[in-house]
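Lettered A, B, C and D in written order, each chain numbered from 1.
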Amino acid sequence: MTSHLLSWITFTPLIGAFVLLCLPKRAHDWIRWIALATTAITAGLVCLAFPLFRASESGFQLVERAMWIPQFNIQYLLGMDGISFPMVFLTALISIMACLGSLAHIRVKGGREKEYYFLFLLLETGIMGTFLALDLFLFYIFWEVVLVPMYFLIGIWGGPRKEYAAIKFFLYTLAGSLFMLLGILAVYFGSEPRTFDMTLLASMKYGLVFQKIVFLAFFLGFAIKVPIFPFHTWLPDAHVEAPTPISVILAGVLLKMGTYGFLRFSYPLFPDAARWFQPAMGVLAVIGIIYGGFVALAQTDFKKMVAYSSVSHMGFVLLGLAAMNADGFRGALLQMFSHGTITGGLFLLVGVLYDRAHTRDLNDFGGLGEKMPVYAGILIFFSLASLGLPGLSGFVSEFLTLLGSFQYSKLMTGLAAIGILLAATYLLYMIQRILLGKLNPKWSSLPDINYLELSTLVPLMIFILGIGLYPKIILDYMIPTLDGLLKTMGGAV
Amino acid sequence: MGPVESLKYFIPELIILCGAFGAFLLDFAVRNKRAVGIFSLFVMAAAAFAMKNPAGETLSLFYGFFHLDVFAHWFRIFALIAVSVTLMLAMDYPPLKNRYEGEFYGLFLFMAFALITVAAANNLLMIFLAVEFVSLLSYLLTGFLKHDPKAKEAAVKYLLFGSVCSGIMLYGISLLYGAAGSIELGHVWQTLRSPSMSALGTVGVLCFFAGLGFKISMAPFHMWAPDVYEGAPTPVTAFLTVGPKALGFAVFTRVLITVFSPSFAHWGVVLTALSMLTMTIGNLTAISQTNIKRFFAYSSIAQAGYILMGLAVFSPLGQNAVMIYLFAYLFTNLGAFAVVCLVEGASGKSNISDYAGLSERSPATAFFMTVFLLSLTGIPPLAGFIGKYYVFAAAIEGKAIALAVVAAVNSAVAAYYYFRIIRVMYLVPKAETQPTFGTSPLYPKIVLWLMSAGVVTLGLFPGYFIKLLFG
Amino acid sequence: MTLIPVEHVLIFSLLLFAIGLYGTLTRRNIIGILISIELMLNAANINLVVFAKTTSLSPETGQVFAVFVIAIAAVTVAVGLAIVLALYRSRKTIFADEVHLLKW
Amino acid sequence: MVTADRIFLIPLLPFAAFVVNILFGARFLKHRAAWLSILTSIAACVIALPVCFEVFGGARFANDFAWLRINDGVLRFGYLVDPLSASLLFMVVIVGTLIQIYASGYMQGDPRYSRFFAYVSLFMSAMLTLVISNNFILFFMAWEIMGLCSYLLIGFYFQKESAAKACFKAFLTTRLGDVGFLIGVLMLFLALGTFDFSEINRALALGDHGALPLSFLATSAIFIFCGTIGKSAQFPLHVWLPDAMEGPTPVSALIHAATMVAAGVFLVARSFTIFMAVPETMPVVTTIGCITAFMAAFIALTQTDIKRILAYSTISQLGYMVTALGMQGLGAGTFHLITHAFFKALLFLGAGSVIHGTHVQDIRQMGGLFKKMPHTAVTFIIASLALAGVPPLSGFWSKDEILLTAFASGHTLVFWILLLTAFMTAFYMFRLVFITFFGKARDPHVHAHESPAVMTLPLWGLVLGAVLLGIPGSPLMHHWFQQFLAHAIHHPEYHPSAFVMTCSVIAAVGGITLAGIIYMKNTHWAESIAKRFRPLYRLSFNKFYLDEIYSKFIIRPFTALGEVLYRFDAKVIDGSVNGVGAGAMWLGAVKNWIDKYIVDGLVNFMGTLTCFLNSIVKRLQTGFVQNYLLIAFLGFLAFIIWELKLV
């Protein structure tokens, strides 16, 4: 199994999905347990990669290569390096948590569970593939595969405006990715010999004009996914309407695909264009950070607030990317991971509350800290992590990002620091409105968080805390690759 | 090659021809008209077996009237698949269950014959004859349901529009003949290069293109398509969306290859514009449709626009793109129409609203439909994506950036309306009045499985197909 | 006997074609339209025959072509009339502008 | 290499207590939670005190381990126990432990008892980390976690709306400063390439300012000072501290009087070399400190809430320390920091005891408590004397040092302001003392009683510090403390001045006397004075209206901007996206409309006309299918024309 580990990681969920298809519709328990087991097995496989992955090397490892479409020199090419490994791990982690969260989720429990878990596992395969594919064509395929289950998961199991949100998400992302496809083709035809192979493409040189155009095409695809201001408007809708576990996946993993794309493809392929667009990206990042923060501040819907906070936090990732130096990259990649865990947790917490109260209106709550002390503690924990409290992972990543961006532009960093302040504001304001103050008598009978829900949150907390206290545990995996990337971009490490 | 020698390469055609007559005879003999259908299927199978891949060499049959090459071979296969699938759909299509059912199969065998000759036709006369043959049969089949006023109207419109276009095309052919002094495509090419003949030739070519444009429902010759597709019996619609269209593209490709490759830069502009126009019109109009057949008509116009991209950038890659796209489209669209047939069989109607809650009434059907719609949208790893990939690749390779961008935007728009159907099937709850699905009839189900298998395998292992098609 | 210049014949056929086209565009009666289509085909036939005379490569081709076209025209009319007849049976009209169930 | 040694245990032990308490406290430990926290705190004491004494004896401890790779270097976390940190360590462990013991009595019976101690342990852990941290990042981390604890503990009674608001305000306001601090640290890193205190000191001692201009370093220092402004509640960010009194009183004593707020001062002391390297930043520090000291004292004059008075007093005293540091008085500032920690903690605990005994906080409801709460009253008065600067209590020596620094370094204006402040301090403290402990009981509903021993014993423990700790820094010991600190950093020394001491004593005694006159003898004077100086009184009573100003000019525009941007988002950005979609739909609709009305309309309009020789309109007379043909034909024609022109 270890010889094709990456394939197994990618396709185990798919196998699970097809097993589910074969089950009768009413075997709810079986369906749930098989889905959960599949995600767990996938996670186990990811863990198998730990001893095999040599953290100190920068190249691709565990590479699997097979010719797929020889006419276009398209390969089935999977590989893992310090950029994708954390993302794959994050995906496995978040998937389990989301799957656990699904077990309890009201709308999922209602019915059509088979379809739900089928799509869920299909989604996981898509995401895994996206993070592991090294062939541009293969990457694109996985990238697109992610869209479809997402459409259904939002569209069928979503909230009141689910259809609108689902199609908006779908069209928006599709439009972006179509341009990315054009970009991919341009890269292919611009390469000599023609290939989609990332490992070869990275060493080729293109003219600046070509780079700029293709970078923009890729940018469109990735920026919409991240989402970068002003392409972010699908995000609040999709997040708010999606069922909790799907919001978790969406915020926890899906958004990372965009920034991952920058690191994996845009930067090594078009270093000159990347430098050319550096200021633009920095500005967009800062706008995203501040803008997302302000808009989050104005929200009365808990989930929407968290959604906009994602815009702000992903802005930090972009800022780190825009910095184009060692600290910036490390910060960005770490922020991708920590935002995945933190925001995933926040969405789970939104779900916990919504399942009980059936509302997400922040002004409707108050004083829940008394009724739900454990919930309160965890919510505070995640909020603090999100606002970048030292000792939790959010701080390390934001610190590194700022450190990196500071070396690039002081002004941008200064402005981005406003985002940190804003994060504190909207998160604490949220806490104040939900947990503190007088208990709204309406909620006097709300039960505290239960063990199932707790089990979805505690692992995330462990990671947040672990990384926050000793970031080396994860950064050691990232740094050689990121430094290598920086070197190929022609920058000093 | 003389006529007698040629005959041994003409066996499939002969089998089908004989089969067609046989079907008519059988129609007299048997009560159970279904037997005629099964017989027709066997004929098709036999013809398919008799086909040989010329594998690289070009056989010049009947003194060069036919050019049997790899290209023609695969179009013939294409035609056989299209016709066979249509036959299978027709066998479980309730409105066709009347005393003329046998004739329907017979006519379709003739259709198969006409189609497989088109691909190999290598001079203007043969092209004209084959195209007319297909057209005339199409008119008849469209109006086959005698008592359906819509079908009649469709047939009339088809007839009138088609005949006028044929007339224009014939006029163009006559001009080309005059300019070139020959109806051999090769000669036409030579004369077109001389400047003295260019005006005459240009008008002739444009007239010729008009006729072909009608066949492939290229804007501005597309307007018949929605009405005809809506009115025709559903299996016929299924066939019309792929069969004549593929034929038109086959001829188009062959003409472009043999006649226009040197002066292509000139025609490329026209075709690029037409391609953009076609896909845009198709997509924009498809958005607001309420009838699923009409919806697919506009979708097919848009798809024609994408296929035209391959011709607009007339590189070898572009030619391949046309072929691949057509195959992808064949599987996808026939599969989608199989679903339409099934739903129509169950509910008797073909409005989009009749698909509400299909995912609950018949999960499998809805699932297949979703697969086909996703393929039409161009979502990997399905056949439609490979087609899209090919045309985009051709466009990018040919540096037709504007075309590629327009196509990309169009694809996104298209996604919207394809997902409208998916939305209706999955997100809209079923209405109380809608009938539940009984057990689905056998043949459309087989079609569903076969076509979806085609869609998925073409999507997953395009390399194999590409190798098969182009060596 | 003096040969009529090719150009004259071409202009004649073009006129014939134009008349046919015009007819197809303007006649209400479907049969009238079919007749107009015949005119168009015949215009092409005239072209073919004339070009057969002028071309040096394969003079017989044009004539043969014309014969085929005549046959096709006959078939078209046959099929067309059959359809029009069927239309008349079901809709009691043979006017093109009264046939508009299918639209938009 | 990491060698786990005992000093690492100092912050880790309370942290362990936090972990255990937060996880198992509510369910298993209950009231034993306090003992866990106290025990770990005592253990930390046991480890820390010998270390401190070794440092006092001249030793220096440092150890670290790699925490994070930054750029191509490594950020090493560890501890650095030098004279500065040893002094604070000494203070923190002792005060912290005593306050926790006190709190175990004070918080008795609270339903969230264990959580309280969990938070306090976390705070202790963070504070100890901060004190012994060896670099800015660890420092900042601990700094922020203290902020969190402060937030959690202020909001401990979160059911109270005011507490909920206060903790929010406290966290945000301090964070505003923290962000500046972080930026300052980043700038520093950019300039010097390190976060490590020792390395920074070394570099600056060698006169190495990095590649960047000195002004950059100066800016960085100012930004770092922002952290102090936030955390040590300096003007203009001091507004959170009085509100922070919503927390339980031991918390106010520990966090908002003795330790955390002093961390801001400690920060300046820690980065003193930086400020020294760019002396032009010093006036900023002095000014801020001076304004704060005076303003807070002025506000304290009229407050009636016992804890708020103390809070403003704290702000004022912090301003004192900052002023001292701004005048390069590292020794003086730190000295006052230490002594202040003891007597201010004592004051708060005393206040807590009063509140515990009377269940009211408004001094106007108190009175004559001396007899009912003798221990509390005595200790409170001693602390007040210390704060007022009455010799030979600790406060006198440290305050005198600051005044001396101001006087000797030529900051005459500062000297007089500080002196005035000292006078006001003595006044408001004894206003508080006289109203609370003397006179008659004003409110019949208040039934005061003395607090239990577990609360009074720590008071006496702190009295010891408040009385004695002035000695090491006094001329009696030849300014041993200042000398000791100066090991690390050069700073000017001044000879004790009789003039300054006299002024100081006069100010203290004068303030006390005035308070006595007004509040013991002629109680009606207070009101007439207030009436006489109405504008000033209102200014003081309303805290310079700063809260209102902030609310109106900062907070409201801020939130309004959020609203506006949200609306912008929903309408404009999203709207434009939807607009594209709508545009496509619209085009489709237009085409349909054309199909429906133009095409069909033409058909209907032309339908009746048959004769093709009539008008142009008649010539367009078509049937439906002919319309299609017409369009096809026109298109075709267009292409022909185009093509022929091209040809």
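We take it that a residue touches a chain if its C-beta (ideal position, glycine included) is under 8 Å from a C-beta of that chain, and two chains touch if they have at least 3 such contacts.
The structure presented is a predicted model; accordingly, all values stated were derived computationally and were not measured.
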Relative to subunit A, chain with the most remote C-alpha centre: C
Per-chain Cα centre nearest the global Cα centre, belonging to chain: A
Rounded Å distance between subunit B and subunit C, as computed from the means of their C-alpha atoms: 26
Euclidean distance of C-alpha centroids - subunit A vs subunit C, Å: 65
Inter-chain centre distance, subunit A versus subunit D - centres from mean C-alpha coordinates, in Å: 34
Centre distance in Å when subunit A and subunit B are each reduced to the mean of their C-alpha atoms: 43
For subunit C, residues that touch 2 or more chains besides their own: 21, 24, 33, 96, 99-100, 103
Where subunit B touches two or more other chains, by residue: 156-157, 160, 164, 168, 416
Touching two or more other chains - residue numbers and ranges from subunit A: 171
All chain pairs that touch each other: A-B, A-D, B-C, B-D, C-D
Contacting residues of subunit B [partner subunit D, same complex]: 156-157, 160-161, 164-165, 168, 198-199, 202-203, 206-207, 210, 214, 219-221, 223-224, 266, 270, 281, 284-288, 413, 416
Contacting residues of subunit B [partner subunit C, same complex]: 124-125, 128-129, 132, 136, 139-140, 143, 146-150, 152-157, 159-160, 163-164, 166-168, 170-171, 173-175, 177-178, 180-183, 187, 226-227, 230-231
Residues of subunit D touching subunit A in the complex: 22, 26, 66-72, 112, 115, 137, 140-145, 148, 151-152, 155, 158-159, 161, 163-165, 167-168, 171-172, 175-176, 179-180, 182-183, 186-187, 189-190, 558-559, 561-563, 565-566, 569, 573-574, 577, 581
Subunit D partner contacts - residues on subunit A that touch it in the complex: 168, 171-172, 230, 232-234, 291, 294-299, 325-327, 330, 367, 369-370, 373, 377, 380, 384, 389-391, 395-396, 399-400, 402-403, 406-407, 410, 413-414, 417-418, 420-421, 424-425, 428-429, 432, 435-439, 470-472, 475, 479, 493
Sites on subunit C touched by subunit D in the complex: 21-22, 24-28, 33, 95-100, 103-104
